[in-house]
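In the two complexes that follow, chain A is the common piece, with chain B as its partner first and chain C second.
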Partner chain A sequence: MLIQHLNPLASSLFSLLAIVSLLLSFVMLGSRWLNNYLYAFAAESWVIAALSAAVGYYGNYPELYLIAILTVLFRGVLLPYLLWRIVRRLEVSREIDVGLQPSSSLVIGALFVMFALAVSYRVATVFHLELSVAVLALTVMLSMKLIGFLMLAVRHEAISQILALLVLENGIFLGSQILVPGMPLLIEMVILFDLLIVVACFGVLVNYLVTHVGTTSTLALKRLTG
Partner chain B sequence: MIVGSLIIAIVAAPLIALLGCLIARRPRISEAVNLVASAISFGCALPLPFLIDGRAILFWNDYVIIDRTAAWVALCTAIVYFLASIYAIGYMRLLKEDDRLFVFYALFAGFGLTTLVGPFMNSIGIYWIAIELTTLVSTFLVAFERVAESMEAAWKYIMVVSAGISLALLGTILFYWGGTFVLGPSYKMTWAVMTGAAPHMNPILTILAFLLVLVGYGTKVGLAPMHSWLPDAHSESPAPVSAMLSGALLNTAMLGIARFLAITRAAHLGQLPQIVLVVFGALSLLVGALFIVRQQGVKRLMAYSSIEHMGVVALGFGFGGALGIAGALYHMLNHSLNKSLMFFGAGNMMRAYGTKEILKISGVGRYFPRLGALWLAGAIAITGAPPFGLFMSEFTIMRAGMKPSFSWAVYVMLVLLIVIFIGFMNHFRTMYYRDPTADTRPDGTLNAWCVVPMWLALVPLLVLGLWWPAGIWNYLTAIAQTLSPGVP
Partner chain C sequence: MTARDLLLQIAQVLTVLLLSPLIQGIIVQFEERVQRSQGPGIFQPYRDLWKLFHKQIVIPETASWLFWITPVVGFTCMLTVPILIPVLTNYPLPLSDMGDILGGGFILTLGSFLIILAGLDTSSAYGGIGSSRAVMLSILAEPTLILVFVGITLLAKSMLPFVVNHLLVASWPTYWAPAHLFLVAAFFILLLVETDRMPIHSSTHIEVYMIEEARILEYSGPLLALLKWASAMKQFILYTIFCNVLVLPWGLSVAGTAIGALGAAVALIVKFVLVACVVVFVETAQSRLRFYRYQEPLAASFLLAVLAIVGTQLS
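== the complex of A and B ==
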């Protein structure tokens, strides 16, 4: 197992990268401008790619270099570009009706991180890993999950919801790089491709929403009830 | 290897149909190609259960598994795909969208392909991808009618299901992580390997991972309270798609839950995983019952009935034992047949009366004597009344639950099934026997494509209700044994 005997430098590097991506998801949580979400997401993807490469280097998993390159290409460049094209076409640049003010969402996000830490610590104690980077990886994974769900719940613009979904995925991806670097390569690659298809589908669907519903705010989607 | 070539045929037929539709771009050719493909898939899936013995057959570096369980679920899927393809020819012509029809059939074949592939995936990661792909393909089928309602349904569908299923991915990763403490950092994440490692995995992590997976795939199955996308997507998509969503997709996702449950049973975690599944099942029945009683839309009625029946299947797997699991699998087959029939009938009525509202449909029995009788028989069957297949399977599941820890769930199930029976029949009374007003006279030109598949669904349903062949019983109990490892 990589995380059980890791040299201190690698351990702190992994921690740093994990924390930075957690911070970037807080940037997304604390803003209401769609462009900020997009840049934060792109930066987060680059950080995760760096993490993949670092894990590959210290853990001696050469295939993770490939994953790092693909992550940069897909998550870091292609996805933000596709989303940027959607944003540009929409003529919506920020969240107008936020369900929860950005400041309050930050506070709730912080509470989520504390909860995630408690859960991770409990899980890691079982494996006697409570002093390793595993706690942090689990914490970041779970808190990005929770933050993503929070964004899904309180943001109404279609593009923010797509980005929230991508934050959910980023969290899992980040955690899996540290916890299970030996996962079969095929699966990670397929998940990356899958993400691309997801975003393409969302792009088409957002177009449909504009044409047939006349808005991209999901607040307008309330015809179907009961 | 005859089994291998059958599997290739099952999967290749819809794939070729998909490409064929995209190349031909003609409505009539597309529908014919799709129909032929579905017939081939069905024809090859039908003998599959007879050809498989106890050993699972693995292909392609163990990424593909052919065992009894997968063959059974694929058979249910292939039946619905075949019936829905016949029905689609009649129904889609009524929509007058001939220019875009080839897109519909390409997507439809793609949907058939992904739902047929899912059960055969042996890696827990690849299985997740297959389920995710079904969502992506079917979203565009839900949105096919391009009106505001179907857009809304499609958006809710992809959003809720993608978010939910990401939890299943998290659970899958945690399962794998738990396995690394037993098997080392890299190993094949197949069902069999996970089941083998489960007894040595840490129980807390396994339970956490299982709960995440259950909520994730439960979203896809439509278990309450994660069901919110289901009524919208089922009611706003074209009727053949509704039938596929309900009869094929839900089973494919349910299979994942059943297999992960088998892993946790190998881990000897006590009854917690089963109890959680039973609670979800009971909750789904409750939600189904409440919304069925006060329902106003005819297709939403069928959608809530799907939630109810997935609840019943969840109860069956949750109760466990030979009776529970065999009952749940038999219920899958019966529900696939019956729900196809119901959605076809609902689609026909929607077209004939030009409305989705129950209150605007009246005099079905008078205007459509034969079709009406057929649909009514289906309605009696779907509420679990004898002499149809669902009665048999529901009764078996109830017998399975008659043990001290789960008997409460059986009573809940019994009461709710009665409520659902009354509610459902009340809606059908409204549609059949209320005096028709002048402005509700239907347009009675339904072609044979729309009616024949309903007969094809009802006849086996009746046969399966009167006679549960010993062969099928033995087959299902054999599956039950493989799905409850570690239980003597």
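== the complex of A and C ==
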């Protein structure tokens, strides 16, 4: 495995990139404006692309360069552009009624990071991954997933919810890049197309919400009527 | 204990005492210049203090003894802390063993605590408002401060500021480690809170949303001068901890000669000007928020401190 024999420079570079992407997901958690979510998500995708290029360079996986380019194109440019088009068409530019204030969700996110650290220590001891970069990758992966779930739970705008889903997916992708870098190229491409479909579905959902309910908040979807 | 160390210790306190109004003046002047106005000049705080010391003292009828001792105790606290931290030398001086970072934090908090009590003591409406706001902010800032101290302790395996300073000078990987960078960011937000330069603090001081100024509104003359000087010294001390312990640990006197101490004082001013530029930039670029959004920067600071602790666990 790659992470068993890394030189110190590479492992500190990986840690830095992983922590920067965690920080960017906290930017998404702590902000109220839809545009900020979008920019933070795009930046996070670029960081993750840099991470997979770095893993490819240090671990001699040439196919990871292709994955990095695909990540930049799909997650860094195409998905944010599609979402930006949806945001531009809507009148809402921020969350109106949030379930949880941004400051409280930041504190809860911090608690999630601690929980993720505790869990990853256990996981790392079970699988004999004593290296700090492995524990860090696990921690970042778990906490980005938890942050994604938190955003899904407390945000009501349709755009925020899809971005929460994408953050969740970004977390898994980041963890897999560091922990199992030799994942087949085909699976990565399938995931990327899945994401495209997710965004398209949400575009349809937003359109439905606007035309039939007159709002983009999923709070309005409480009634089950035929 | 040699005579030179004793002199250096006295010089540390004198540096803080005499240079703190200068730093205040530099920040105010920079701010005015950024806003394209003339500014009062960097020596204005000295002139203010001189003027206030030559005025008579007016005491409210409702004031008790607490009102009298607060400026004295606050001023003394700020004279005590420079003994404990590296201001000029990067090695501990004779009395530096009296307390660690936490002890210095306690003494700083004691000063603010008494000012809060004095604000309540006169039973004026503004004093009460100011004290309640200041308590609200410090309740939220205190856990973060403790977490930052815990992070520093985990990073350097010690709570003495001198050890942290030596560690950061000695090892570049530690300096650029995420744990250290997060600690710097968290402490920077705390620095803005403690020196009243948050987005919720207004730039004009006497107005409805004032926080610090409301507590000392009833003071006048030399007592007010002591309080103002003490707050300038508090700012100087926090800047010193920020620069000499966390961000720029270089440029301190190693041997303890007179030239070295003088050079360290000059280096200190240069570092402070750098930090002041950043502070002025943040204060100018960030639009002012209403008071009830005070939790957001503090929550961010708490988060950064937690990430720093996670970082120390992984390195």
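Please note the rule applied: the second predicted complex is superposed on the first by the 224 of 226 C-alpha atoms of A that agree within 3 Å, B and C clash if a C-alpha of one lies under 4 Å from a C-alpha of the other, contacts with A are read in each partner's own complex, and residues count from 1 in each chain.
Keep in mind that, in the parts below, a residue touches a chain if its C-beta (ideal position, glycine included) is under 8 Å from a C-beta of that chain, and two chains touch if they have at least 3 such contacts.
Please read all numbers here as calculations on a predicted model, not as lab measurements.
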Three-chain arrangement built on chain A, chain B and chain C clash or fit: fit
Chain B versus chain C as contact partner of A:Gly175, first or second or both or neither: first
Contacts of A:Val72 with chain B and chain C, given as first, second, both or neither: neither
Touching partner for A:Val123 - first (chain B), second (chain C), both, neither: first
Which of chain B and chain C A:Leu106 touches, first, second, both or neither: second
Residue contacts on chain A - larger count, chain B or chain C: B
First (chain B), second (chain C), both or neither touched by A:Val135: second
Lowest C-alpha to C-alpha distance for chain C against chain B (Å): 20
Footprint overlap on chain A, where chain B in one structure and chain C in the other make contact: none
Complex interface listing, chain C residues touching chain A: 173, 176-178, 295-296, 298-300, 302-303, 306-307, 310-311, 313-315
Residue ranges of chain A touching chain B (in the complex, touch as defined): 1-2, 122-123, 126-127, 141, 145, 148-149, 152, 158, 161, 165, 168-169, 172, 175-176, 179-184, 186-187, 190-191, 194, 197-198, 201-202, 204-205, 208-209, 212-213, 218, 221-224, 226
For the chain A and chain C complex, residues of the former touching the latter: 8, 12, 15-16, 19, 22-23, 26, 30, 101-104, 106-107, 109-110, 113-114, 117, 132, 135-136, 139
In the complex, chain B residues that touch chain A: 123, 125-126, 129, 132-133, 136, 139-140, 143, 146-149, 151-156, 158-159, 162-163, 166-167, 169-170, 173, 176-177, 180-181, 184-189, 202, 204-205, 208, 231-232, 235-236, 291, 294-297, 300
